[in-house]
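In the two complexes that follow, chain A is the common piece, with chain B as its partner first and chain C second.
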Partner chain A sequence: MSLIHVRIDDRLIHGQVAMIWTHSLGATRIMVVDDEASRSDLIKMSLKLATPNGISLSVLTVQKAAERIKQGVYEGQRVLLIIKTPGKLIELIQQGVRITEANLGNLSSKPTELELSERLSLSSKDVADCKVLMSKGILLTKRLLPTDENQAIAL
Partner chain B sequence: MIHQLGKREILILKHLINAQRPLSSELLAVILGTSPKTVRNSMSVVNDILKIAGGAKILSKTGSGYTLEIMDENEFRVFMQTFNAKYLDAYWVPNEASERVEYIVRRLLMSETHLKMEQLMEALFISRVTLSKDLREARRLLKTYHLRIEHRAKYGLKIVGKEMHFRVALVDYLDADEDMNNIDDLMHPPLHKYDAKLMTEKIVKLLLSYGVSMSTNSLRKLVKLVTVSEFRRSKGHLIILSDEDTLNLPSKVEYEIAKAFYQDMWDEIGHIPEREIAFMAIFIISRRNMMKEEPFSVLREALYMDYSKRLLSYLEEKLGLPFLEDKLEVAMAKHLRGMFYRLKYGLEKRDVGILESKGSNPSFEYAVIASDWISEQLGLPVQETEIAYLSYRFYQFYHTLFSNVKSRIMIVLSSGRNAVDLFVEALNASFGSYIERIHSAEIYELEYLDLSGYDVIITDIPSVQFSVEIDVLRVNFFFTEGDIQRLKCYFTNRQLESSQFLSHFDRKLFFSGLKAHNKEEVLDFLSNALLESDPEHDSGVIEAIIKREDWSSTERGNAVALPHNLLPADTTPKIAICVLQHPIIWDKEVCQLVLLNIASQHERMPFQTLNLLRVLTGNVQRVYELINARNFDAVMEIMTRFITTYEL
Partner chain C sequence: MRYVVLATHGKMAEGLKHTIEWILGPRPSLSAYSVENDLEGISAALKQFFYGLETSDQVLVFTDISQGSTTQLFYPYLKTHQMHLIAGGNLALILSLMLYPDDQPLTEAQIREEIQMARAHMHYVNDSEIIINEADEL
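Coming up: the complex of A and B.
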C-alpha cells in the first residue's frame, strides 16, 4: 500500500506537517491534491520549499491524483497525501481511490458550524461531508501529533 | 514542472537572513551582479513564498531598503531548517533553469537507449539553442559524478560511465517531483521494490550495533542506493570491482554491516552477488563519520596513520605551524580513511558547504595545500567538496593556534594594589585566553622597574601621567561597554598587527573600471601589474596563484574573488585591488571585486592577511562601498575603519 497517511489540512504543507509527520511516517513523497495549487507556479514553488530535503513532491488535481494512484505508480513509495477539505476527499474516493482513514489537521472554514478544537473549525458542509466519509466506513481522527492516541472523532 | 527557487532568490533570502540592517535593491544588485529592477522582481517572488510557506514577510522601507519580518516564529524556524538543508549553499544550483537541467539529467539517467535531441526539445518545449545550453550545464553536473554525455550522430544522447557512478547519480535523481505539466513515463514502476522505512530501520539497527555512525542525509542516500541498486541489477547492470578492490574489504566492519543487511533483507531471494555487498560496504566506508571519541586502532589502520603523519609533517614544514600533534594525527587518519575510499571510487561527498567554507573557514587554505599533497600521493584528483570537507578537520586546530599571542600585563590602579584582585578577575573572565601573566605595581614604582618583560600597562589613571616605552591602556575600574570594546580591540590587534595589514596596500596596485570578460583576463592583467610594480615578484608567485586557482576557485560569494598563491612566498605581503567595470562569472559565482593577495612567509600566521580579507568581504555593505569607492584613498578609509573596529 503506497498511501500511508491521508491528512485533511487547508494549510497544505506547513512547518509541523512537513517535519514531524513526514519523519515519523517515514514518508518518501508528499502528495498535495489540490486543483488551485496545481495551477499556480508560486504555490508549487512554496510547497516544494516547505517539503523536507530528500522527500519528493507531487502536486496534482483530484482527477490526476486518482488516476496515478490507481495505476499503481507509487507502489513501494511511502506517500503522505494532503488534501484541503473533507469534500475534496469525497471526490477523490468517488474517483475510485481506496482510503480507510484520514486525519483532520487544520480547518478554518467560515461560517463555522462546529469547532472541534482550536485548529478545527468546520462549516456545515464540512460536517456533512465528514458524516458521508464516516458512513463509508472511513475512520476520521484529529491527531495533532503522530504519537497521539488514534481516536475517532464523534459528530 | 515544479519550479525550484532560483539561485538569485536563494541568495536574496540568505542575505536578508544575515543582514544586520536593511538592504537596498542597489546594494543587492551589485552583490548579485544584476539590475535593481531584477532584484525588485525577485524580491516580490521571495516575499510571496515566505508568506505562503515561511511564516515571514519582507518589509520594504523607502530610503533604507528591505528587511525580513518574522510573523510566526515556529513556522519560520522549521522553514529555515528545510531551506538550509536544501541550500547549504547555492553552489550546486545552476545559474539558470535548474529544473530543466534536472529533468534532462534524470531522463538520460533512466534511459536504456540513446535519446534524440528532438525528444528532449519536444518534452521541454525548447529550441535547439536552449537545449545546447542546458546540456552544457547537465554535462557539468554529471562530471561531478564522473559521468559524461555521449553524443552519437543518428543515435542521439546517452550517459556513459561506471555503473557505480550511475547508481550514485540516480540516488539523487530517483524520485522526481511531479505536477500536471510533467507527468511522464519516467517513473518506471515498480522502481521501489522494498519499503524505505523498513530498510531504514534495519540499517539503523545494524549501524548502532556495530557502533558506526553517519549523517541522516547519508543514511537516506544509503537506503535509496539499495533501491537503485536493485533496480539497476534488474536491468542487467552489474557492479564491476577488481580482486584488489575486494581483497581487504571482508575484514572491515562496514562489510559485516552490508553483509548482515543483505542477508536479512533477501533471505527469500537467495544469492546476492558478493560485489553488491562489497559496493554497499565501500559506500558505508565513504560516508561514515568517525567521531572524535571513537576508538581507532592505530595498528589496524596503520596505513592511514602513516599518511596522516606524513601529511601533517608536510604541512608543518611548508607552513611553519605545529601540525604534528597526537590529536590531530588521529583525527586526520580517521578522515583520510573515508576520503581515500571516496577518491579512489569517485564517491565524493556533495553535502558540504563549499562557498561557506571558502568564505568563512580560515583553515580552508590548509585543506587546499593538503589536497595538493594527497592528490600527488594517490595520483587522483580532489574535488572542491572534498577540500571543503577536509577544511573542517583543521578548524579546531586553527582556533587553538589563533589565540596564541598572549600578553604580559602590568596593572597600575589609582586605588593601589589593594584593589588589584577584583580587577584581575574581571580581566581574566573576559580575556583570559589572551593573557600570559599579570603583575601589578604602584605608579611611583614604574620608573625603577624593568618594563621590557611587559607588553602593556592597563590602568584607571589618565595615560598622560605615564612616561613609559610600552603601550598604556586606560579603562575604568569597573569596565564600561566602551572599555570592553577597547580591550577587545587591543587583544585582537595584538593578533593581527593591524598597522601591517594596511601597509600591504599600494596605490600603484589599485585598479578601477577594468573591462574583463572572465577570470583569466583579470588574472593576466593583475599578474602583469604585479610584475611591473615590483620585479621582486618573480613569475613563481604568479604560477602559484594560477595553481591555487586551479585547485579551487577563489570566489567567495558576495561578488568577490580573493586570488592568492598556494604556499606563502618569501616576499613581502601585498594586496592588489581591482574593481571590474561589469560583473563577470568568476567560476560559478558573480564577481566584481577582486582582491589579489600575495601571501608571505613573513606574516605572523600563514594566510593571516588573506583571512582578514575573507572577513572584510563577508560584509556585503563593505563590499558595496568598496565597489563604489572613487579612488584609492576612499578604499583605504574603508580598510582603516574595518581593521580598527575588527572584533574577535
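Coming up: the complex of A and C.
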C-alpha cells in the first residue's frame, strides 16, 4: 500500500511534519490534499519550501487525489497524506479512497466544541465528522510522535 | 538513561525547553538552567545533578555561547561523567538528538553526524531556490 500515513492537520506541512514524521515514517512523498492550496501558486510554493529535500510533493484537490490514488499512480512510493479536516477526509473516502487509520495533528477550529489537547481544538462539525470516520472503522489517533502509543481518541 | 541539559545566558534555556516540549511532548529527562547572576547557585545545582547520576547515565548538554560562562560551568564534568557538551547548537540539532531512544547511549560518531546535518538548518531563506522536480505534482 503506497499510502503509509494519513494526517489531519490544518497547518499542512510544518516543523513537526517536515522534521519528525516524514523522516521516521520514511516517506518519499508528501501529498497535501486541499482544494484551496491546489488553486494557489503562493501556497504551493510555500509548501514546496517547507518540504524536506529529496521528498516529492503533491498538492491536489480532493477529487484529483482520489483519482490518482485509485489509479495506483503511487505504487512503490511511500506517501504521507495530509488533509486539513476530518470533514475533508470523509470526502476523500466517499470518492473511493480506502483508509484504515488517521492521526490528528493540529486543529484550531472555531468555535471550539471540544479541546482534545492544547493543539487539538475541534468544532462541533469536526466532532461529528470524527464520529462518522470512526463509524466507518477508521482508527483515529492523536499521536504527537510516531513512536507514541497508537491509541484511539475518545469522543 | 540519557538526560538533556540546556544552559543559557538569561531565560533562553527555559524558552527552549518550552519549545522542545511543545513539539515533542513533556520530557522529564530535560532540564533548563537560566544563568543570570547566581553562578554559584547554579554551579551547586549542577554538582548535585551530576553526582546524583548513575555511572551508566549519559548527559547531553547544550549551551549558547562556546566561550561563555554557561559552557564553562560544565567543564568539571567532561572527564568525570559520560557528558557530551555542545555549544551553539540549534533547535534542529537538539530535536534530532532527542528523538533517539533515551535508554541507549549515543555514540560520539552519531553526535558528530547530527551536528553536521543540523548546520544545514541555519540558512538564508532569501537565497532558497524553489526547484520543482518532475515527480512533484503542483
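One rule holds in what follows: the second predicted complex is superposed on the first by the 155 of 155 C-alpha atoms of A that agree within 3 Å, B and C clash if a C-alpha of one lies under 4 Å from a C-alpha of the other, contacts with A are read in each partner's own complex, and residues count from 1 in each chain.
Simple rule for what comes next: a contact is a pair of C-beta atoms (placed from the backbone, for glycine too) under 8 Å apart; a residue touches a chain by one contact, two chains touch by 3 or more.
Since we're looking at a predicted model, the values are computed, not measured.
Applying the stated clash criterion after superposition on chain A shows that chain B and chain C collide. Of the two partner chains placed by the overlay, only chain B lies in contact with A:T61; chain C stays clear of it. Among chain B and chain C, the chain that touches a larger number of residues in chain A is B.
Once the two complexes are overlaid on the shared chain, A:L42 sits against chain B while remaining clear of chain C. In the superposed model, A:Q16 makes contact with both chain B and chain C. Shared-chain residue A:A50: touches chain B; no touch with chain C. Judged by the touch definition given at the top, the superposed model places A:L144 against chain C, while chain B stays out of reach.
Residue contacts after overlaying the shared chain place A:G76 against chain B, while chain C stays out of touching range.
Looking at the shared chain after the overlay, A:S24 reaches chain C, while chain B stays out of its contact range. Clashing C-alpha atoms with chain C after superposition occur in a single stretch of chain B, namely 9-17 (options considered: 9-17, 297-305, 369-377 or 477-485).
On chain A, the surface touched by chain B in one complex and the surface touched by chain C in the other have residues 15-16, 19, 29, 44-45, 48-49, 56-60, 68 in common. Within the complex, the chain B residues that touch chain A are 2-5, 45, 48-49, 52-55, 72, 74-75, 77-79, 81-83, 85-86, 175-180, 183, 187, 189-197, 200, 217, 220, 227. By the touch rule above, chain A contacts chain B in their complex via residues 13-16, 18-19, 25-26, 28-29, 38-39, 41-54, 56-61, 64, 68, 71-78. Residue ranges of chain A in contact with chain C, taken from their complex: 15-16, 19-20, 24, 29, 44-45, 48-49, 56-60, 68, 144-145, 148. The touching residues of chain C, when paired with chain A in their complex, are 23-25, 92, 95-96, 99, 125, 128, 130, 132-133, 135-138.
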